[in-house]
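Next come the structures, one after another.
Consider the two complexes below, in which chain A is the common component and chain B and chain C are the respective partners.
What follows is the complex of A and B.
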């Protein structure tokens, strides 16, 4: 019988700590007991030490913060571009059905090509310049922005649009005062997905095409068999990804409050 | 009217094809060295289909990637769904596993690639492990949510009727959670393709990602296009198969509807 009741907070905390203890004990113990060579699985403390070391000492041409800054710059470029293109297109598709019928088949055809598969064209078009990763991030972040906006625009009560139209609302005011506010919660939800996929695509792109950034640092670490550097990179990537997601979650909550949707909808 | 919509769709794709042919022709603005023209794509396709490219012909490259996708998907989906079911079934087990899971979850799957290459090299085992890291997470989350969201009345009724535990799991819990599990499996499959292509691009001996990386090094736009198209077709095909399985298994369920990821 599946339990309906959750364990008490104290028990849950104890179990959680036990789980973490087992995880770190296995990780540390595998090296100490010689089950795995420390070259390939450095212990948690070694990795933490490497992470702190990388904060101030350059590896592969830059310190960890500098690598992250380079990555975040590209990331920002790609995501902003996805929003600039995806938001208006999604709104227009939701509002203007013929456009939907024209764009959807093309979009559906491209949907099954993973963003990372654009790497060769990105390299061909932009070399190792900034444009390549930005294109990859764009292809990762664009579909969720478009889908979120499109769904948002479609979800608006038709009666609301009818009423506005009947009252002689201009196209511009229709866009800024009816469609955009009504679609905002769905748009923000799409943005959160886009941010995650964009970050993921960026790491993939940096593993392959560029010569700076956190992904590049990890590839260099791999080539030098510096496992602790690679693992420190993984942790840094996870932390930044979490920070981005937390920021967007806060934004999502604020938007839901602003539009009176707390607790409602999905 | 669906008929009219289909017509517009066909016209739209035809228009795109014509635009492509014109833009990459000698009269168009796009140099075929940047983006291949239709004849160049046809030539590249003929080459890889007959004499081969990047070490093998197209069927061999497709089968390599497809085989790894199926293998990785099955490993990740089965282990992830099992863990998710266990977490949904036993809250104390969930409390034990969850912190570690939450610790590893934010790591983008592709970030594991360098580490896994260090561990296992460029062979098939490395690909399957990277896929597992990527595709495991959505399977766990959705299976757990699926079990948690089973209506209490359903479980009460089963218990009142004296259903033994193992039958409860197989005949009540798993079917009731199945729609959510399949949602997870669709995400799982998507993650599998993305990770495999990335892993093959970073380093491999065969496979569609390897075709892409060789084509990139040879500056061979036609072959890049063929590789991307092959990946898209394979991705579409596997998604269609999964949707077919879902409809076969969940035909009875109220929420059964055409898969739309």
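What follows is the complex of A and C.
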């Protein structure tokens, strides 16, 4: 596979830092030069101060870590549910053609509905209970889990399937011992996408249906025109999202190494 | 009774643009414990033969029987050794070999005993806990052979099993396979495009025509081999030096050369 010309790791890191520096300089400059008012766009130092303040001082009923913990709990619930449903279904669709034929059209139609579109039903069915946000995270995280698992199962080297059949492998064992492990690299890649979409969906859900969590904190900040609080929330969301992605990347690399696949996730 | 019987087997592939006849009126009976090697030019349908016997593919007309039964799908009575090994990368050597025995419901104690003896036979004892990607190509193919033979299958189907190995490893594997085949003969259908390999291993060599694949010639090697005492020679190069071997090789070469597609 042809590789793009890629800078060395050190250079890439330096370029990344330089990009961030320019970003923050423009952000700070906009306020200092009086281009925008501090309420309209709070400066980076104000936001950083607010972020540190929120770590220990409650806002909208809880500190930032407490809000994040509430969010992560829902998030975990939604993602785990997506895996519990998507993984077995994806494997089964990858092995049993008739099931694939039945489920694919429904799935293909539904997966283009953005998670946020389910908010009215989430509110209607679950009120302010835990089910609403979990449902919305699920609708965001489920499609990539299913697709990753399904593709992984379908793309296993045909000779491995033939070898397993020639060894007298039953359908059940084919799913658990051949398709599942064979699909793991693709499943992990799907999980990474699912984790990102799920996290985005969660914030959307919390803006509307709940009374705790990082999204809720941001809505309360918006209502009070506490723009630096909202901005601190945005940064916290970005940081946690990045941390989740880094964890999954590490998992992906570990899986690929364990399987003897060369290189690793980008 | 014949172990494998091809009766007028024909296999046609209907591609969008054209019709390809891979195998045409293929008749062959392989006896119990006979080692038959099919040799032929690329794309002559020799792999199709093996896939029909394995039950991965089915004849468009005619029949393929193994052990008196029509082949309806793959099964552990017809163990296959693939050209590119087809080992499960997520299973250790031990677990790769164990899968077929577990599927057959062999009790754990007996299973371990059989795996151990298969590992020993293929000189793999030290690699039992390794994963396939940690092994050389030759070692990987030993594992694949162990995985197939541990089931003690009625028939062993080998599809260019040494085709992906380097020349030195290939020679070692050929010598080991001869050792195994003479010590514990079983019914083998072996596919190759190497003339030397075919003559060295086979009881009978089947030469195929180019597509559509038919049988051109069947050459009995066993009687000559026993008469000339090839099996008493420890090394493949000693066998290949025998005038009887050279003569046979030239014969098969000529037969095959007629089948090469003339180059433009």
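By definition in this document, the second predicted complex is superposed on the first by the 239 of 266 C-alpha atoms of A that agree within 3 Å, B and C clash if a C-alpha of one lies under 4 Å from a C-alpha of the other, contacts with A are read in each partner's own complex, and residues count from 1 in each chain.
Here is the rule we go by: a contact is a pair of C-beta atoms (placed from the backbone, for glycine too) under 8 Å apart; a residue touches a chain by one contact, two chains touch by 3 or more.
Since we're looking at a predicted model, the values are computed, not measured.
Legend: residue contacts after superposition of the two complexes on their common chain; A:103 is shown touching chain B, with no touch to chain C. When the shared chain is aligned, chain B comes close enough to touch A:113, but chain C does not.
In the superposed model, A:221 lies in contact with chain B only, and not with chain C.
By the document's definition of touching, of the two partners only chain B reaches A:237; chain C does not. By the touch criterion stated above, A:164 is placed in contact with chain C alone, chain B being left untouched.
With both structures placed on the common chain, the touch criterion links A:128 to neither chain B nor chain C. Contact with chain C, but none with chain B, is seen for A:177 once the two complexes are overlaid on the shared chain. Annotation for chain A, partner touching more residues between chain B and chain C: B. Put simply, chain A uses no single residue to touch chain B in one complex and chain C in the other.
Contact residues on chain A toward chain B in their complex (touch as defined above): 1-7, 11-12, 15-20, 22-23, 40, 98, 101-106, 109-110, 112-121, 123-125, 199-200, 203-204, 207-208, 215, 218-219, 221-222, 225, 227, 230-231, 233-235, 237-239, 241-242, 245. Of all the residues in chain B, the ones that touch chain A in their complex are 5, 8-13, 16, 34-35, 88-92, 95-100, 103-104, 106-115, 117-119, 147, 150, 152, 155, 159, 165, 168, 173, 190, 193-194, 197-198, 201-202, 209, 212-213, 215-216, 219, 221, 224, 227-228, 231-233, 235-236, 239. Per the touch definition, chain C reaches chain A in the complex via residues 54-56, 73-76, 78-80, 82, 84, 86-91, 99-100, 103-104, 131-134, 147, 151.
Here chain A touches chain C in the complex through residues 157, 159-160, 162-170, 173, 177-178, 181-182, 184, 258-260, going by the rule given at the top.
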